[in-house]
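There are two complexes below, and they share chain A, which is joined by chain B in the first and by chain C in the second.
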Partner chain A sequence: MSAVVTEMPAAAPKGRRSSLGGYVPLVPPLTVLLIFFAIPIGMMIGISFQDPKTAAWSLVSYEKFFTDNLMIAGLLRTLVMSGLVAICVTVMAYPVGYFLARSTSRWRAVVFALAIAPELAGVVLRTYGWLIILEDRGFINDALIWSGIVLSPLPLAKNLFGVVVGLTHVVLPFGILAIMTSIQGIDPNLEKAAQILGASRLSVLRHVVFPLSVPGIVSSLLISFTMAASAYATPALLGGARFKVLATMIYEQIMFYTNWPMAAVMALVLLVLMLAFSFAGTRAETRLHKKLNV
Partner chain B sequence: MNRALSGLYWLSLTLILLFITLPLLVVVAASLSPSSAVTFAPSEWTFKWYGALWANKWLNPFLLSLKIALVVSFLSGVLGALAAYAIAYEKCPGSAAIMAFLLSPLAVPQIVKGVAIVLFLSSAGFYMLLGTPGLIAAHIVLTLPFAARMIATSIYNFDRNLDRAAQILGASKWQRIRHILLPLVKPGVFSGMTFAFIISFNNIPLSVFLVRPGQTTLPITVINYMEYSLDPVLAAVNVASLIFILATIFLFEKLGGFSAQIHGGSK
Partner chain C sequence: MSDIDIELVSVCKTFGDFRAVNDVSLSVPKGEFVSLLGPSGCGKTTTLNMIAGFQEPTSGEIRIRGNCQTRTPPEKRNIGLVFQNYALFPHMTVAENVGFGLRMKGAPRAEIDQAVKAALKSVHLEGLDARYPKELSGGQQQRTALARAIAPKPSVLLLDEPLSNLDLKLREAMRVELKEIQEKLGMTFVYVTHDQEEAMAMSDRVVVMAGGVIAQQGRPEAIYNSPATSFVADFIGKSNILPVAVKQAAGDRREISIGGTPLTLRVEGDASTLATAKFCCIRPEDVRVVDNGAQPLPDDNVFDGTIAKIVNLGAHLDLWVSVDPGMTIKALVRSNRSGTLKTGQPITVSIGAKAIRLLDR
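And then the complex of A and B:
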């Protein structure tokens, strides 16, 4: 921060008011971010290169992460779970996003409120809701056993299925917003023109709306994947000890094993994964936009 | 063909909306059901679980979460306004790079920020900051980027001719900030503060590393309890905190008028 203050005036245009004064309001917010964000991240990178026992420089935690089967399994579970959530969210978000972008009925406001309102409820309420629906003595198993369809409860929670259901619910509003914005950006006259020229509703959807909404689909997949991969509470509660992903394993390393270097390595793997996906996704999006504008 | 297709469309839309609302409906139903096992179709209704919320077990975490959320919301508003003022109003050189730094925490998953902060506080010897002070600092790292961006947007939308007019009429810089800029960007500041409040009040991935016995926030208390039991008192806690959040949004809206048009809303 002090570097910014002392270096900048040289580059600032001279004259009128003091050019240094403009930076003064930045001191408190940037100091807070420096102390509680930038320095901790730097320190975490440093700790990841320490030996867990002797604190000497070593790559032992990196080596362990990439050779230990438990770690690799956790990483794969995270990727599979996030991929499934991304697909489920996008498939479910499409009809709702289409409706919100194109409908003129008075139900539009109701659907919009229903789609977005759960976001206010927080993750705990929704996860609790899914737990009492999906657990062994929950609503679904209760109903299935009462009606005699199954004899013993189906395993719906504490596994991949439960986590994907819970995370899809958490991430869905973001997918809906991405698809809605993308379809809103398509000129409705294109659809009208295709319809006048004799295209059925299905072929308008298939040959006009869908191809033009691909950037929205990509951004929905991207948001869902990154949100799912970095989620903590939903996998912790709906996956439990039987379905561990990177985020919950990081928590275990800190709280139960107090292995800081290992936790730092895992957190960095997650961070690099997220940054790589965001970077690749944003590049794909800009390329798609360019292609569609031509 | 067309009818079958539109039938399918409406059916899928209905099912998806049902999926979205189902857990909320179930939680509300569970909070009103009399038996301590959460059942499929309760036959009677009761408010007894809401009565159980007045115990210290739930009241203390609620008050801690409220205290933290209020401090985080206030500081995010102040720090965000300072940053937005320098970037969007003064437009000091390098403001794009400064904004990028301010927004950089958004690119880092919360769980990673949580690990970084807890390792920093523990290994730098700041153990005494674990608990409430650490929670406040960590939540601010999370909310400040949102607040700064929202306030900066409302400063960018602010009509500079009003400022120039006041300057020509002889208003000092402080007078212009106090009487022209602040009232007109107030909705932006309040929407940033509301956002910060909700994020802080509901937070789990950062708080989970920083709570201490006796200093545990409401969401963490609830998830710890959920590991052992799913009894309906949790449904009541969840519904009550949702109602509390809706009431807070309503209150902030009354104070800040952020849903109104910026020019029509504040005088």
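And then the complex of A and C:
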């Protein structure tokens, strides 16, 4: 005790100096963020207010975006696609996440590896895999036609269906992790308590596990939505020329029309959209956390 | 059969090579307060989990209210359980928590409300029904957990160390209250604990478990006064346990010598007990300090020694009396003598022959 007391006066000024020094390690990452994130975003905002032809200040690209039916259709398509992916991912991730959080069987490690393994293969690789399975001369259609169930190939790729399938596969591991973490935070004794009070397996899920895992469900929806909305490779490959979402349309504006201001407006709309969803989701989650005390 | 609420018949539970519970048979009559007492790893919680239905016995049978329920899932057993960490549903109010059991059984709203009210009243928690668990103190959470378990009126209530998270004062008050609630409701309580005082204070019967088997069972005073093994003697209360080396019987006079020392003790007991004795147990309160006020009886064992250590327990003092280089005897004396006792001081102690219990293991 006395040793601590005698050391205190000597240590105090040193401690004050090092509290400023604590910010030093933050300088490199902050510099990187500034150069590669803050400045480009600022430039993008600036470009969005330029006239594509004269480079003078103008709102012409904004006006075009919100009046052009093709643009609005692209925005709505992005919303529908991301919403469907978010729902599909969360519905599929829930049982897997629950199993991973609660199982003590030796298969748990295998299921965990299987759930996460797809992340190891690149997005493009996985998307080509789905293309091989889903396209008109793909595995499923070949099998259906060969067995005589259908006469002409089903439209499985180059449309909303194909993109949602592909993106669900890409995003699923993140949904699983979000839900697994949330369920791991629920005291297993709560389930036992409900059971001994007469609740069936289904009632335990409905009245205890599900309400307490809502924060995890919100996270999963949020992650899936933003990942789907910002995905480029999967909609580009599985969506084809007809199925255009904001991400692929931005690429088009730059590569084919070299219309940077238009691309900047679309990118900003996408950014605001995702920020709005994240904000709403995080707020909902904090409120739930407070209410559930978890 | 109908007056036995819980019956375990040769129940075993193994995890891999480890025998957590080994051939345990136990029957608990209706309305009895039974404690499963033992150190951690003795199999008491596994036994409780098997009664609750969370674990299936490897072999043996579990009967509840006379019906074999070895493989019945917990939700169909109609028994209550109070958890060590209470396990209250954090997203439900106190009233919703307490009413959960009846709601799951499909009871009508009015009946649930009435049962919730009655249960909260019996644990003295009226007026807190709209609170959430996190807004309650530890003691109130504990009462809520108890109310939730008794609200559906199960005939059997299992309690898994329910008081271990409370502070000492509250724990002692809850002991009395738990016993009162149990008597008022006439419910069978199976109480798992490692705290021997708790078990002694509340139970009609104490079942001491060690290494997956029942070491001894009986009324608390019977277990305290005549422990069957040195383990029980050591675990229940405090005791001096000494190894017995040589045994002699000459007529009425029976003597043992303590292993590793030249000391001999006069004991009582029949010849067969003497023949099989491996240890002897002496309760510290049976070791008397000899002075002008208290003279030994003619047949007492009297030793001279020195005080090696004094531990103040408040009302009593724990004296460690060194009577031989190989032997220290603990004695319990009243604190009002603390003025006359000093460490290192010579002292004479006496032990009545009746106070020495011979144990064969």
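Throughout what follows, the second predicted complex is superposed on the first by the 260 of 294 C-alpha atoms of A that agree within 3 Å, B and C clash if a C-alpha of one lies under 4 Å from a C-alpha of the other, contacts with A are read in each partner's own complex, and residues count from 1 in each chain.
One rule holds for everything that comes next: a residue touches a chain if its C-beta (ideal position, glycine included) is under 8 Å from a C-beta of that chain, and two chains touch if they have at least 3 such contacts.
Predicted model only: the values in this text are computed from it and were never measured.
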Once the shared chain is lined up, is A:L172 touching chain B (first), chain C (second), both, or neither of them? first
Who does A:M180 touch here: chain B (first), chain C (second), both, or neither? neither
Figure out whether A:A194 sits in contact with chain B (first) or chain C (second), or with both, or with neither. second
With the two structures laid over each other on chain A, which partner does A:L212 touch: chain B (first), chain C (second), both, or neither? second
Can A:Y251 be said to touch chain B (first), chain C (second), both, or neither? first
Which superposed partner A:S203 touches (first chain B, second chain C, both, neither): second
See if chain A has more residues touched by chain B or by chain C, and give me that chain. B
Identify the partner contact of A:L238: answer first if only chain B is touched, second if only chain C is, both if each is, neither if none is. neither
Residues of chain A at both interfaces, chain B in one complex, chain C in the other: 200
Can you list the chain A residues touching chain C in their complex? 187, 189-190, 192-200, 203, 207-208, 211-212, 291-294
Contacting residues of chain B [partner chain A, same complex]: 1-2, 5-6, 9, 12-13, 16-17, 19-24, 26-27, 30, 37-40, 78-80, 82-83, 85-87, 90, 92-94, 98, 101-102, 104-105, 107-113, 115-120, 122-124, 137-138, 140-141, 144, 148, 198, 201-202, 204-205, 208-209, 219, 222-223, 226-227, 230, 234-235, 238-239, 241-242, 245-246, 249
Complex contacts: residues of chain C adjacent to chain A: 52-54, 73-81, 83, 85, 87-91, 100-101, 104-105, 132-134, 148-149, 152
Considering the complex alone, what residue numbers of chain A touch chain B? 4, 8, 11-13, 19, 22-26, 28-30, 32-33, 35-37, 39-41, 43-44, 47, 92, 95-96, 99, 111, 114-115, 118, 120-133, 135, 137-139, 142-143, 146, 169, 172, 200-202, 226, 229-233, 236-237, 247, 250-251, 254-255, 260, 263-264, 267-268, 270-271, 274-275, 278
